[in-house]
Amino acid sequence: MRKMTKAGWATMIGMIALAILPPYFLLTGQAFYVDLATRLVILGIAAVSLNLILGYGGMVSFGHAAFIGLGAYAVGITSYHATWGGFDLIASYNGLLQLILALSISAIYALVTGAISLRTKGVYFLMITMAFGQMAFFLFQSLDVYNGDDGLTIDVRSELPFINLDSPMQLYILSYVSLAVAMLLVKTIVNSRFGMVLQGAKDNNERMVTLGYNTYFYRLAAYVISGVMCGYAGFLLGNFTTFISPDMMHWTRSGELMFMVILGGTSTALGPTLGSSIFILLEEILSSITLYWHLPFGVILIVVVMFVRGGLMGLFKGKGE
Amino acid sequence: MAPLLKVKGLMKSFGGVTATDNVDLDVIKGEIHAIIGPNGAGKTTLISQLSGALKPDAGTVLLNGSDITNKPAYKRAKLGITRSFQITSLVMGMSVLDNVALAVQANDGHSYRFLKPARKIAHIRDKAMENLIKVGLRKRANDATSALSHGEHRQMEIAIALASEAELMLLDEPMAGLGPEESALLVAFLKELKGQRTILLIEHDMDAVFALADRISVLVYGQIIATGLPDEIRSNDAVRHAYLGEE
Amino acid sequence: MDYTLLFAQVLNGLQLGLLLFLVASGLTLVFGILDFVNLAHGSIYMVGAFICASLTLLVGNFLLAVLIALPLTGLVGYAVERVVARKLYDKDHLDHVLGTFGLVLVLDTLAQIIWGPAGITVPLPAWLNGQVELFDGALIPSFRLLIIGTGLVVAGGLFWLVNYTRLGMLIRAGASNRTMVSALGIDIQFLFALVFALGAVLAGLAGMLISPITGTSIGMGGQIIITAFVVIIIGGVGSMKGAFIAALLIGLIDTLGRSFLDTLFALVMSENAAETAAPAIAAMMIYILMAIVLVVKPQGLFPPKVR
């Protein structure tokens, strides 16, 4: 067994803290912190999914919030029709059905937008994913059936076997386990042969093509996997907030997701989760101090970009790593 | 004998400058075929068209008799063409062994255990290591690629070309930037390979070329002005005039 | 079909296209010369609009307010360059995007603190508030004519700048190349700041021109920036000509799509279905156009030669 690295220790401690603290808060009657932790963990899943393509694949997607929205609307729309009638084909509270819908729609959207965006690279890719994300935003904004801009309230949460999502603790545990699985999944993918090619192509695409790898296909596959994972986060977020609106897909949301990944540290296991934690806590603290919390928040973002190389996880890295 | 690689009427120009001008070229299986020519003759452009990195404007490229002119680079690699780069092109963020392992993996076929950690797949790692040993980089296997010297990077390029098990190796100035001792080692090494692989070699180092090549083609201003045995090339008037005569 | 309506909408599309071009041209300048991706460009558009709106209320004359607001917006751009952008040039595009995203948050919040969350309605002088009869029955608001005229004049000026000046030579060369610029013996730091400020002025002008029609609002920058990105993606990132053509294309398609798609759809489906589908498709139309262009030409319609 190899000795654990500092980053490995940090990952373990962080995950243990996330496992212990929320139940403690609930027992001591501080339900507010459980909510906070749930949001943090769900956005953590989204950030982990983004890290797969951004950190390991070098694909800077600025439209990832669209997947969150798609996942959440898959819950919202099916639930809406189950409550108010219409569209019998998908009207349902069945969580498994909603989940399948959320994941498959995310997959299809990722496949189509990815196939087009990945024909380009670098800053083109960034702008194109951003534009596609905004397309999803405007699409849902224009759907009057689902209240357009004003959004939908989810009256009934997804009904899952063995798990009651109306219980904050159970929802938290599901989210936490999902995050752990997501982190493990990304780690496994990254270390697999597929992941080696993906990382190789990030560093030197020409070399990988010369070796006989169709790197376009590898990137597209990673993009779809990432999109589906993020769609799953959306499914959870919809069930958590019970209110969904196009605002979830706005490009600034995608920017926030990116910030989480960069803040925590790209291409690290814990980085995105750490990033989403700091992000949510910062948002919480600043917004309790001032209505204009975006101002100090923006300043922090600028400072991080200018001065913090490799994100916060970079601080854990020893010299020899 | 039918040539392994047959190039017919290859043309490529960049905004009015003709880099490859109606090139015909045969590379016979098992030979080391050197391409020499002054700087700017279009040697790298030619290699890039053979590897698939550049699309020719006209002409055909046949590999084992089948037309690969319009095949993308990754498919050509699968069909058995590999290239090394004049300017070192490696995955700098990975270890030396990882780089070679990626080349081995490319020919390893599909496996159902696709989630198995790549660095724990013994036969891939072993084969990569074998090739590193061949080029004398055993001790460097686990170092970060970015930490290696220029000479070692050139050795890595060869190890990768070997590991890809390609039938045809396109080597773009493998000696570039090497000291005399390193060059001599590499020449000896390529000599050993003779017969096992087919090599199209671009090189400026004339001693190396005449030591290694079975046949030589001379490329000047995008045109092949002569092809023949080393002695024929040495005594060819047109070549002496255009190129060797500089001495 | 109602041809006077069609005519009016074509003019509206042209107007939107020219405004988009003003914003996209600034992005193109900054990207072409500085190799800098500026998300905050939309916020500068918004700041320009707010400065002009305040000045209009202060001096009581819209045109005079524009004339004062233009250099002020340029100053804002200059300040942004000095304080933030300059320190990001050496970093990669991802850092540009994140850093300027932070800038968006800062500028938008500052605007909210200074001007309040509600936005400002900008009054026009009487002579601009009327309508002009172009030909029989075709009335067009005179202010829209002013926008179109201004847009065309600026486009002409930029055309001259790009094709007949040394600065333009750098743009056409796709010169993200600092050594080349310095080889020409130009004070790079100052040149970059100047280019950045010019981009800010162009964006600000667009914001000022739109504000009498839509009013100013905090979110206006975040909306225009994505559309401007779509413009430069379709046109070919870094190409001024591409930006111009793509901007007009998008202005027309977006405007016409929103006003005529339901009529068009009603021909092939039930009125009810058309009423639901048309706005949805209209909202996505420019993105669908972008997707189609990218499938055919991944580098956009006019890809820069060197990059």
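We just call them A, B and C in the order they show up, numbering each chain from 1.
By our rule, a contact is a pair of C-beta atoms (placed from the backbone, for glycine too) under 8 Å apart; a residue touches a chain by one contact, two chains touch by 3 or more.
What you are looking at is a predicted structure, and each value in this text was computed from that prediction instead of being measured.
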Excluding chain A, groups that stay connected where the other chains sit: B | C
Chain centroid nearest the full-protein CA centroid: A
Chain pair, most C-beta pairs within the contact cut-off: A-C
Centroid spacing, where centroids are CA-atom means, of chain A and chain B in whole angstrom: 43
Gap in Å, rounded to a whole number, between the CA centres of chain C and chain B: 49
Centroid distance [mean C-alpha coordinates] between chain C and chain A, Å: 31
Chain A-facing residues of chain C, complex: 37, 39, 84, 87-88, 91, 93-95, 97-99, 101-106, 108-110, 112-113, 222, 226, 229-230, 232-233, 237, 276, 279-280, 282-284, 287-288, 290-291, 294-295, 298-299
Residues of chain A touching chain C in the complex: 60, 62, 116-117, 119-120, 122-124, 126-128, 130-132, 134-135, 138-139, 141-145, 250-252, 255, 258-259, 262, 292, 294-295, 297-302, 304-306
Of all residues in chain A, those that touch chain B in their complex: 188-189, 191-197, 199-200, 202-204, 206-215
Residues of chain B defined as touching chain A within the complex: 51, 53, 72-75, 77-78, 82-83, 85, 89-94, 98, 101-103, 105-107, 111, 114-119, 121, 160, 164
